[in-house]
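To start, the structure under review is shown below, and the notes come after it.
Chain IDs A, B, C, D and E follow the sequence of writing; residue 1 opens each chain.
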Amino acid sequence: MQGGAWLPIAFEVVLLVGALAVLLVAVVAGRDRRFWGPAAGLAFAGAALAGVLQWREVSTSGAGLFFTAQGVSFAKSPMVVMDGLSAFGAIVLGLVGFVGFLAAWDLVAKVGRRGPELVSLLLLSLAGLHMMMATPNLVVIFLGLETASISFYVVAGFLRRQKGSAESSFKYFLLGSLASALFLYGVALTFAATGSLTLYGGNSIRDFFSSTIVTQPGILLAGMALMLVGIAFKVSAAPFHQWAPDVYQGAPTGAVGFMAATVKIAGFAALARIFGAGLVSQVDTWTPIVAVLAAVSMVVGTVLALVQSDVKRMLAYSGVAHAGYILTAMTAGVAGVPAMWFYVSTYAFMVVGGFAVLSTVSGSDSSKVPLDDLKGLVKRSPEMGWLMTFVVLGMSGMPFFAGFVAKVFSFVTATAVPAPWPANDHGYLWLVVLGVVMSVVGLAFYFRIIGTMFSTPDDQAELQEAGLPVRFAVIVSAVITVAFGIVPWPLIEAVRDAFPI
Amino acid sequence: MTDFLWLLVALPLAGAALNLILGKRIGEPRSGWFGFGLIAISFVIGFGASLGFFAGTSNPQTIYLFSWIPAVGADAAILWDPLSALLTMIVTGVGALIHLYSIGYMHGDDRYPRFFAFLNLFIASMMILVLASNFAVMFVGWELVGLSSYLLISFWFTKPEAAAAGKKAFVVNRIGDWGFLVALMLIFMTFGTFDFRTIFENAPAMFGVGAGTITAITLLLFVGAAGKSAQIPLYVWLPDAMEGPTPVSALIHAATMVTAGVFMMARSAVLFELAPVSAGVVAVVGTLTALLAAVIAVAQTDIKRVLAYSTISQLGYMVLGIGVGAYAAGVFHLTTHAMFKALLFLGAGSVIHALANQQDMRKMGALRKAMPITFITMAAAWLAISGMFPFSGFWSKDEVLAAAFARGGAWLILYVIGLGVALITAFYMTRLFAMTFLGSSRWDEGVTPHESPRTMTVPLVVLGLGTVFLGLFNTPARHAFEHFLEPAFSGVEQVEGLSIGLISTLAVVAVIVAIVGIIIGLRRYNTEVLPDETGAFWRRALAAFGVDDLYGRFLVAPGKAVADWWASVVDPKVVDGAVHGIAKGAIGGGERARAVQSGQVRWYAAVVAIGAVALVVFLLVLGGGF
Amino acid sequence: MTVTVTWYLVLAAALFSMGAAGVLIRRNALIMFMSIELMLNSVNLTFVAVSKHLGLIEGQVAALFVMVIAAAEVTVGLAIIVAIFRFRSSANVDELSELRG
Amino acid sequence: MPVLLLLVGLPLVGALVVGILPKKRPELVFPVSLGASTASLAVALYVLWEFEAGTPALQFIEDLRFSTILDMGWRVGVDGISLFMVVLTAILFPISIAASRSVTDRVKTYMILMLVLEAGVLGVFVALDLLLFFAFFEIVLVPMFMLIRLWGSDNRRYASMKFVLFTAAGSAFLLASIIGLAVMTGAQIGTLASFDIRNVLAIQLSGTAQLLLFLGFAIAFAIKVPLFPFHTWLADAHTEAPTAGSVILAGVLLKMGTYGLLRFNLTLFPEAAVRMAPYLAILGVIGIVYGAAVAIVQPDVKRLIAYSSVSHMGFIVLGMFAFTTQSLQGSVFQMISHGLTTGALFLLVGMIYDRTHTRKIADYGGLATVMPVYAGLFLFAAFASAGLPGLSGFVGEFTILVGSYLSFPVMAIVAGSGVILAAIYLLWAYERVFTGATNPKIEGLKDLDFRELAIMAPLVVLIIGIGVYPKPVMDRVEPSVELILDRIESATTYQVPLVGRSSAVVDIEYGEFDVHEGGEG
Amino acid sequence: MAEAIVFIIFALVAIAGGLTMLTARNPVYAAVGLLSTMFAIAIMYVLLDAHLVAAVQVIIYAGAVMTLFLFVIMLIGVDRAQAYGDRPLIQKAMTGVVAVGFFATLVLAGREVWVTGSDAFGTPDLNGTIENVAKELFGNWTIVFLASVMLLTIAAVGTIALAHFPSGEEDGAS
């Protein structure tokens, strides 16, 4: 790693520099978004590029660890790791971030002078999220988690004079802090039980398990459970999901896609990192819990989405259900990571695209989007209507849309590895059956959305044309949804290597 | 000539198609003549091909046309033997005459070409039935005649009765067809083929007399035959079928289609020989049908309904003939009946035509003078059906009764009943004849009866000749008819012949019975004033003993009630109810879960905390932490 | 009676539970937030105790980071609370339940 | 040349072209759509023409593996069974599109959906990859949902949602089973999963696994068929759908269910199929009687035809699980026939609906006087549907009944009663709609015009054509169903009943008889 | 022994502070309760030889954080006693169950072993002096230390964005 010595932290560096540049430009050149906007865009694109470079490096030279001091041996704990998981995550985060940023472009205009702050928060949150997946150190994971969370608390409440936005922000903040505390306590208990804060490397948790036979795992198990709670909260898996609908509904529509998508990416990557890599020897203990979380998420998310009348809430609950499907993949342990990646990376674009469309329909600063807002969308704006149809079909898991392949991949994975509890060779078959059943129930509201969009509008007024960046974001999301539905195999082959080391 | 036999089907079919599509352009009389011509040509072809059988020089043969359903080995092929030849001649012959008759009868109808199209279609169907070389193809014809019959009965569909009658005919026929269909399934399972020749050659070797399988097959076949040939309990459609134009009644419901059942059973004679039980059932049902229909016929006032019940009654005779094993006799009666019954119907049609569509016999009378040709030909038919020597009906009916008598034992009961029916027949036919042509005129005002046009009377005359002389082909002295048919019944044991003396005695008895019936009838009805017929018996018989009502009350209504119940309760409430229940459950669950989502941040925190505790406990339990 | 590491850990657990109880039971946004701070403190105590027990200085470093994070959180959190409640005369979180279902 | 890709792709290309047609040229939409589906028909006919009869082998195989981990890909091919499904689909679509001239609202969307639907259905019938099959099987829901939702009549919201949820509920089990099967297959060949039907065919399954997978597949297909008691979606969907939707729904969508049963349940799980056959056959028989009985009392023409479909599809299922050459061939044939006859009926109902906007039987009466040609065609279609010999319906039902009797005599007899009921419901409906005095409300309606006749003509010709001469169809179907029976016999102890194989059907001699002298037998 | 006495005293102080925070009607009292807990914990750090941490605890928590809290309490003006009012019984019960249950579960889980190895402190010579901590912090953890820059930036930017209301600014709210 001669030339690329800084490569492992390039993602964060680019974003940090980008954020500072945005703030600086805003101060120096003026707060008009045209001045600092390009800098932000460049930062997101640069981050994605950094991810690509990392990916290339990983696939040619193998995974690498980053140490602050030169010449530190592997025996010491690394703080940054660059492997398939983090590199792939960097690409996905970068791209989703970029698209999400474009989707938030109209919102940026709405918040006026505070635009640079908003965008720099988004940029930094992305860096924090990547930290979660690019480190083997539990404290650093927590640091990344908090970095991202705190910026999202602010973003959610950015329209502070809106009641919804404020409430959303407060709820997110309070519950998020609670979950963070739980997660952190989990880290502390794990530290107590294993004597290490690092997942692997020198003197790590993995080492601990390979050298010690744990006879009294009580505290360790409690620690694991609490860490799982923290992550489940972040990815909005039931029963830790309750914040999600309220927050997504209240938060400014233009930025919800960004928040919802990226946090899921990082959350699941962290899950893969902590449990798939660090606690891999305990896999038989934690997969049943993941399975239960998955089951509850699928059921709760789907059933609650059925009875919503607000599209944002619907999508939020559908996000809960999707968390369940993704967790289903993770029941296979580390073998589930490729399926998880496929799901998360495609779903993230759908989320961004979906909320971007909602922001064009009801305004990027809206905090409520009743289903009736979508009435006749296809007629009022064929472009948005059809693209939203694709996105929703993608979410619903219809074949030839990415969601379908993702689901199948996830389900296949869950059944491919023998399950410890209830012990059998066919993996979590019951979970898969539940999953497909819930997919069907979910069709009820997805098709309700589609039906509403295709119905005759009450007034024939054409929809106000959305800004070019937002349209671009929607188009990219829809294209990705369709493209990876029809041609999924490049991504399938790619995620095969997106493992944690 | 046998190379052209396929034309027997093709020509009428082509006629039907052309008349259907181009009929309007061809115009009124021409389309009729066109249809008639095709049938006449068919008759010529059929007759020509039969010559070999008359001469006794040719053997039966099967002619392969094309493979139809290979899976069940059903080929479209023609079985050309005397039986099919005979039926071909009857169908095309009588058919041609009726076409001719219709040219005049249907004059002025809006849908004149269509009528001939349907008639042609009927002939084609009948030919498929008759010429079939296997049960499957026979079934095709069997159903298609049902279709043609439906089309023709409900030809005047604007009359609700006509439409209902057509439907009733088709549906009741289909009930019989069900039996036939099941018979076919059993036949295929038993023999692995539908081919007549293969089955009839193998059946005696495979099964002994009385074998269960064959009994089942034959009984089922009889169910089919009962539908087509209007036997108890499926005869109810035939009287209603009189709603159709009269030529239709003559052709379909007297001469040809209704005899299909008899034909089919005769065709399956080998099987019936192996199943004495079935034969007994057939004989008993035939006799009872003959009796019941005759009794009902006595009280009818509509001229066509009398004839309809008379047809049912005569069909009973034919079926009796089959049942007692006198296949040739049964078929012989079929042949003569085709003549005189067609004649009766056409004559009736002529009368109805003359009286401006009046069908009630109480409004007729004294037509002798006005319609001489009709009167004379009808008289021949009347005597023939009454069993007067030497008209054709006498010979054929006698043959059947003699066969029943010859079986002896319990079969004598059937003979006695048959004889009784002959008496009743003579009586009610005399009643019909007298009320129509004799006595005083009771026409509606303003009606001036006149003889029908030439196209209508020519067929009457031709049929009249047949009625008079056809019987002479098959006298006890000279069984020309039976010899002609012999190759068709090659696998069947012949009924032991009675001595000539006994036969003569029976014949004399039969003639006496007929004369008695006629005399009673003439004395009662050849009067100025009609006798009062409003007594209990007359009312019940007129209403056909309420069998239709019975069916309506005990079959149709409950069936419909069940269907209604299924459609209005089971489907929406039970089947769909379960579905809606699930949906409601999901949405109800969602609504309830929504309440949990209270918006209270403390509550959310509590859920998170409880979840965390639960997760910790769960993991501890699972991982052995406790 | 020597003080073992378990004493500290049990104390930390107790404080953590009390913090959790505070989040659940108090209606005042500020006190809820304080409870979370208490939870973080107890975690820190755990870190430091384990650090001492195992001879790993990492634990103390972790505790320092947690403090930094907590400080940042407090800043933002209080900003949010101020933004919401500055014009009201209460910090009752139960009033914030418009988004629900 | 990738013929089948062309077959499936052409409608999609058509849909794309329609999608990008300029808004100013609405008159182009219709010809382009019709052209695309006709082009697909041309390809289908080419396949039919080039298809080699007399062999059970899959033909026109295209095999492209996309993913090594999941072992899925574009694997398609046709055999005697799918061949005719493809042709039927390819025929019905141009007809339906041509029959959609009366659609005036959002024509472009409508045509796009129709073409996508066509591609989906064709895909189902050619797919040899389980995942590909499922993908096509499921995607069909989307255009169909929209067709009902957007162009349906009054109760369309309910009907469309019911349609989607019902059929998708079945698909859920299908997907779960497919995944289970694919994973088991993958485990044996060393990938994560394998969806290639050839690999799947090669693996050994335990009895329980077979049974469970069989049930999973069967539920999905039973709902699609629909088999009693999963039929209630059908009536609503058919009734509310626009004409073309009903035609396609009844004509080809239902066939996806029976096709699936034949292609997957019988082929992949012979043991379980033998075990479950009586139960499915019973459901089929119940469907025959129940559907027909309920059809009798329907006050709505479309509902009536919908329930008749339940009845007819019951025949297909009965035949399928009777495991004889005859019954299986009959089933396949009946699938084709039902597509044609019911399609014709729905087209006809659509034509009159366009004129009067009512489907209630009570709103008609004496229509035959006003529209004689229409009445004639309707009667023709009704009789074809009721299984009148000489028309296609008879060949199918007759063969099914004869073949099924060999295995399930009682059921075949009961099923035979469906023939009576069919006559009752169709003729009674005909009587009420067409005969009697003319209802003043419908006086003055125009009889069918040339376009409508041209739409009906191919169906009429085909119904008569394959009814009179079904041999070309049968010859191509037979080897494929024989192969299925071979598999069943070799995989289980089950023996096909006597004469249940085409080789056991007696050969017939033609020519003159040897007359037995003396009348002795 | 002396250590034990100190521990027990300050543990009691910490718990008492926690209980005060839980129950005090007036937010100011609650803050004071928390403050005392924090001091107690700082004493614990001293007992554990983590001197730097103890110092930072006092400076950041007791000094900065709690001051901030008190300031906000005053700012919002909620420094009056608040009735618990209609707090439902179920909420109380649930809270009790959760808190006690959580504590009990943990104690149960760790009843035998909380930490690996001996229960006693393994390395009494470990001293959390500034030097020791700094060595670790600026050695192995440098990158993390630098990464916390982002966190602080966010905190600054976020606070400004939320709390800074320049006059007449429209922020899209309606």
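Note that in this section a contact is a pair of C-beta atoms (placed from the backbone, for glycine too) under 8 Å apart; a residue touches a chain by one contact, two chains touch by 3 or more.
Since we're looking at a predicted model, the values are computed, not measured.
Common partners of subunit A and subunit C, by the touch rule above, are B, E. When every chain is represented by the mean of its C-alpha atoms, the one lying closest to the mean of all protein C-alpha atoms is D. Most remote chain with respect to subunit E, judged by CA-atom centres, is B. Interface comparison, B-E versus B-C: the higher number of contacting C-beta pairs is recorded for B-C. A straight line joining the Cα centres of subunit C and subunit D is 65 Å long. Centroids built from CA atoms put subunit B at 77 Å from subunit A. Chain geometry summary: the mean Cα position of subunit B and that of subunit D are 35 Å apart.
Distance between subunit A and subunit E, defined via averaged C-alpha coordinates, is recorded as 29 Å.
With touch defined as above, residues shared between interfaces to two or more other chains in subunit B number as follows: 594, 597, 599, 601-602, 605-606, 609-610, 612, 616, 620, 625-626.
Multi-chain contact residues of subunit D, defined as those touching 2 or more other chains: 165.
Contact with two or more other chains is made by residues 77, 139, 143, 146, 150, 153-154, 157, 160, 170-171, 174, 178, 182, 192, 195, 216, 218, 221-222, 245-246, 307, 441, 444 of subunit A.
Every pair of chains meeting the touch criterion is listed here: A-B, A-C, A-D, A-E, B-C, B-D, B-E, C-E. Residues of subunit D touching subunit A in their complex: 66-70, 106, 109, 131, 134-136, 138-139, 141-142, 145-146, 149-150, 157, 160-161, 164-165, 168-169, 171-173, 175-176, 179-180, 182-183, 186-187, 192-193. Only residues 170-171, 174-175, 178-179, 182, 216-218, 220-222, 224-226, 228-229, 233, 239-240, 242-243, 245-246, 282, 285-286, 288-289, 292, 300, 303-307, 421, 441, 444 of subunit A touch subunit B when the two sit together in their complex.
By the touch rule above, subunit A contacts subunit E in their complex via residues 9, 12, 16, 19-20, 23, 66-69, 72, 76-77, 79-80, 107, 110-114, 117-118, 120-121, 124-125, 127-128, 131, 137, 139-140, 143-144, 146-147, 150-151, 153-154, 157-162, 165, 192-195, 208, 212, 216, 218-219, 221-222, 252, 365. Within the complex formed with subunit A, the subunit C residues making contact are 9, 12, 16, 19-20, 23, 29, 32-33, 36, 39-40, 42-43, 46-47, 50, 54, 56, 58-59, 61-62, 65-66, 69, 72-73, 76-77, 79-81, 83-84, 93, 96-101. Interface of subunit E with subunit C (complex): residues 1, 3-4, 7, 11, 14-15, 18-19, 21-22, 27, 30-31, 34, 37-38, 41, 44-45, 47-50, 52-53, 56-57, 60-61, 64-65, 68-69, 72-73, 75-78, 82, 84, 87, 91-92, 94-96, 98-100, 102-103, 106-107, 110, 114-115, 119-126, 128, 132-133, 135-137, 141, 144, 148, 151-152, 154-156, 158-159, 162-163.
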